[in-house]
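What follows is chain A paired twice: with chain B in the first complex and chain C in the second.
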Partner chain A sequence: MIRWIALFALGVLLLLPIGVGPYPIRVATVIFMWAALAGSWNLLAGYAGAVDLGPVVYHGIGAFVTAALMLKLGLPFLVSAGLAGVVAVAIAYAVGTPTLRLRGAYFAIGTLALAESTKQLALAWDRLTRIPLTGGSAGVSLPLSAGYVPFYYVMLGLMTAVTVAALWLGGSKFGYGLRAIAENDRLAEASGLDIHCLKRRVYVVSACVMAMTGGTAGYWLSYINAADVFSASITFQMVVMALLGGLGTPFGPIVGAAFLTLVSEFLGTRFAYHYLIAIGVIIVLVSLFAPAGLTGVLEVVRRRREATA
Partner chain B sequence: MTKRFGSLTALNGVDFALAEGEILGIIGPNGAGKSTLFNVIAGLETPTAGRVSYRGRSIAGMTADAVCRLGIAKTFQIPQLFPRLTVAENVLVAALYGGGHGLSASWREAREWLAFVGLADKAEKPAETLTVSERRRADLARVLGTGASLILLDENMAGLNRKEVEAAVGLLRDVRARGRTLVVTEHIMRAIIGLADRVVVLNYGEKIAEGRPADVMRDAAVIKAYLGESYA
Partner chain C sequence: MTFLADLIQTLINGILQGGVYAAAAVGLSLIFGVSGILNAAHGELVMLGAFATYWLATLYRIDPLLTLPISFGLLFGLGYALQYFVLNRTLGRPLLLSLLVTFGISLVLLNVALRLWSADYRLLRTPYLERSFVVGPLIVPFARLVACVLGVAMVAALSWLLASTRLGRMIRATAQDLEMARMVGVNPRAVYAVTFGLGAGVSGVAGSLVALYAPVEPNMGLTYTLFAFAVVVLGGLGYRRRGVGRAHPRRRPGAHRNLSRSGPVIAGGVRSALPDPPFHAGGDHGQGPTRIT
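Take a look at the complex of A and B:
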């Protein structure tokens, strides 16, 4: 049932740019971008139970690799973003091999430290290596992009890909393996699961999507700098959106991204300075009264209806 | 094999062989090294010295998941579960990864083993809702689900009442009848004597006796270890 609704919604979204003007399309693109980021974070944290506080590393790497390929090699945008995904896969494989052996809070702290040091490295890169890549604190300007509709479709595609992956995890062998790891990793290991290998596969896939999203966002804004694209606030926004929508659910990150983006958009245009306070209050309220996230509320309502029917 | 934790020697040169289809009992007072022995065999601990071989292959130092896929699995002294998966999914995961089956074959395995341990009616319940005795049976079903041919049971009957112990002993005999080899540690002597073909007695990490249950019970060193000097 929910899948048919989702499929119908996807159809509507595919046709949306025909009917509406630039502003709603831009807002929708922002929502898709956050849904793709929060969704790829959700694959690892929500399904395999590994809370990564440094996913922004791959967002930033994606942005800079895409920019470098377009500027230095003159490759088309889509090819560059795709290759940025490949680079992120290679780096995530190398980084994940040691870090994913850390458990619980140690993994969270380790990845957070990794993200911060990557940001500093990116800021100092040009000076240290004499290979111009990040532009230091001045950043890098990208060629001006052709319109806003292509970004809408790329972000929609990325969001859809992550959601399909999450849906697939729901009933597949791989998905059961991840849930077992999240529930009790020692027991999972004693039951024959190569937990490290399974976690690394998810980590690598989520890094790939984040890098392509970061690359797309960079080209869309046509200006990137290391302090922004590696900013911890991007990580926290992903985390908050995934938790608000519903951790470990396929549509939770989309709901969280849409909710937070629309509320910020609505409040931000009216109370330019104070809207962040209101958003903080809303986040606290949701976590107090709907700890399973907004999709969790829908689930409770549905069950009550089934119980009374 | 020998296992030391710092200056504490948990196992000191313990040595025994196991025949296919046998039920071996491991007994000994608290702290004798029974759980450590199991952890070393199952790949949860690496032995400080010595060898563990299984069907002619050295397995000491292998990871727990690799040992499990080779065909050795253990239940836990405190029964372990995937709490928010259903009881059937607990066994399913073991069949998927330990047994290496596909999804539909694994669902069949899960249902079969749950019926075998008498938990078929709980299959769709979250595992965290099970009672202690049900958890022990679920843990056994999970181990059977991995397809292991050598099963290590770490005090799988602890905390069960007399009737439940009898049922558990019957169940383990059925497991052996299906061609599995069992190693059982237990405090409940009655259960071990009725079940095991052979018994190894550990005390302070050393093997102090080995033989048929009835003979071992009469062994002076064993009586001394359990009851003290004056009874020997």
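Take a look at the complex of A and C:
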């Protein structure tokens, strides 16, 4: 049932740019971007139980690799973004091999530290290596892009890909393996799962999607700098959206991203100075009173209706 | 010769900075070790402590060093109330939920501070702290020295409190074995509230120490959250992950050095609880984010 609704919604979204003006399309693109980021974070944290607090690394790498390929080699945008995904896969494989052995909170804090040191490395890259890539703190300007509709479709595609992946994890043997790791990784290992390999696969896939999203966002904004694209606040926003929507659910990140973006948009235009206070309060309230996220609320309502019917 | 002088100067700066970082990190470590709460609002507590000192010294002409206890008291009250009214509701839930709640709290604190005090940088001027000891080519700024010494002293005091007082035993007991602590009459909710109060108070004092020598502004918090997280990893895991710290070769030597100072605090009871924070029941502690129910 919910899949048919989702499919229908996808169809509507595909046709949306025909009917509406630039502003709603841009807001929708922002939502898709965050849904893709939060969704790919959700693949690892929600399904495999490994809380990564440094996913922004791949967002930043994707942005800079895309920019470098477009500016230095003159490759078209889509090819650059795809190659940025490939680069991110290689880096994530190398990084994930040692870091994914950390457990629980140590993995979270270790990846957070990794993200911060990557940011500092990116800021100092040009000075250290004499290979101009990140532009130091001045950043890199990308060529101006043609229109806003292509970004809408790219972001929609990325979000759809992540959601399909999450749906597949929900019912496949691979996904059950991940959930076994999340519930009790030692028992999962004792039952013969190669937990390290499983986690690394998910890590690599989520890094790939984040890099492509980061590259697209960079080209969309046409300006990137290391402090912004590696900012810990991007990580926090991904995490908050995934948790608000519902961790470990395929549509949770989309709901969370849409909710937070729309609330910010709505409150931000009316109460420019106070809206972040309100958002903080909303986050606290939702997490206290709906700890399973907004999709969790829907689930409870649905069950109750089934129980009474 | 200048290279050697630079090296020693760098070491001095690192050590002086490290004392303050140890003070700024120990609160996060304490709270995480005892209550299993990963406090994303940690840096905002540091920021509030810095502003407490700034305003008390500017508006009421109180000597900045005398504002430290007031800063501790204010932040203790705030921390106690936060844990008692908000965070105690997240007990028994996975680690991530506390991260989400404290993130919301940090947004509120940061933006209230921005609203009240604007994003301006404010520097506290204290004439008697603005001197430096000059030994040959080496310079030791007096304010930083005072901040470092007081920071280390505070960490030592906290360590003593945990090791040798009745309250410290109650906190350690709660961290080590919740069920047993309950059996012998410890009220964990009250202990968690006091622990968060202590952690917040210590962080506030660390902020006050920062205000002695650096400008304060509402956005300073995130840096301290990240540093504290990093220091907890380094302190909690021993020295195995030292490589992570190489991003800041200029500043980190101090952080490393003074970890051994915060080590006793962590080792003195809290550390034993660090790998397995309480309350994440289920097969693997601290790892059940899919089970936010």
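By our rule, the second predicted complex is superposed on the first by the 309 of 309 C-alpha atoms of A that agree within 3 Å, B and C clash if a C-alpha of one lies under 4 Å from a C-alpha of the other, contacts with A are read in each partner's own complex, and residues count from 1 in each chain.
The rule is short, and it goes like this: a residue touches a chain if its C-beta (ideal position, glycine included) is under 8 Å from a C-beta of that chain, and two chains touch if they have at least 3 such contacts.
Predicted model, so just to flag it, every value in this text is computed and none were measured.
Colleague: For A:194 in the superposed arrangement: first (chain B), second (chain C), both or neither?
Modeller: first
Colleague: Return first, second, both or neither, reflecting whether A:281 touches chain B, chain C, both chains, or no partner chain.
Modeller: Only chain C is touched by A:281; chain B is not.
Colleague: In the overlaid three-chain picture, which partner chain does A:51 touch, first (chain B) or second (chain C), both, or neither?
Modeller: In the superposition, A:51 touches chain C alone.
Colleague: What is the contact status of A:236 with respect to chain B (first) and chain C (second): first, second, both, or neither?
Modeller: Once the two structures are laid over each other on A, A:236 reaches chain C alone.
Colleague: Identify the partner contact of A:186: answer first if only chain B is touched, second if only chain C is, both if each is, neither if none is.
Modeller: In the superposed model, A:186 contacts both chain B and chain C.
Colleague: Specify the partner with more touching residues on chain A, choosing between chain B and chain C.
Modeller: If we count touched residues of chain A for both partners, the winner is C.
Colleague: Using the touch definition from the top, say if A:177 reaches chain B (first), chain C (second), both or neither.
Modeller: Once the two structures are laid over each other on A, A:177 reaches chain B alone.
Colleague: Is there a shared patch on chain A that both chain B and chain C touch, and which residues make it up?
Modeller: Shared contact residues on chain A (touching chain B in one complex, chain C in the other): 179, 183-184, 186-187.
Colleague: In their complex, what parts of chain A are in touch with chain B?
Modeller: Within the complex, chain A contacts chain B at residues 171-173, 176-177, 179-180, 183-184, 186-195.
Colleague: Under the touch definition given earlier, write down the residues of chain B that touch chain A in their complex.
Modeller: 42, 44, 63-66, 68-69, 73-74, 76, 80-85, 89, 92-94, 96-100, 102-103, 106, 142, 145-146
Colleague: Help me check something: in the complex, which residues belonging to chain A touch chain C?
Modeller: Counting only chain A, the residues touching chain C are 45-47, 49-51, 103-106, 108-110, 112-114, 116-117, 120-121, 179, 182-187, 232-233, 236, 239-240, 243-244, 247-248, 273-274, 276-277, 279-284, 287-288, 291-293, 296.
Colleague: Quick one: in the complex, what on chain C touches chain A?
Modeller: Touch residues, chain C against chain A: 32, 38, 40, 86, 89-90, 93, 95-97, 99-101, 103-112, 115, 222, 226, 229-230, 232-233, 236-237, 241, 244-248, 275, 277, 280, 282-293.
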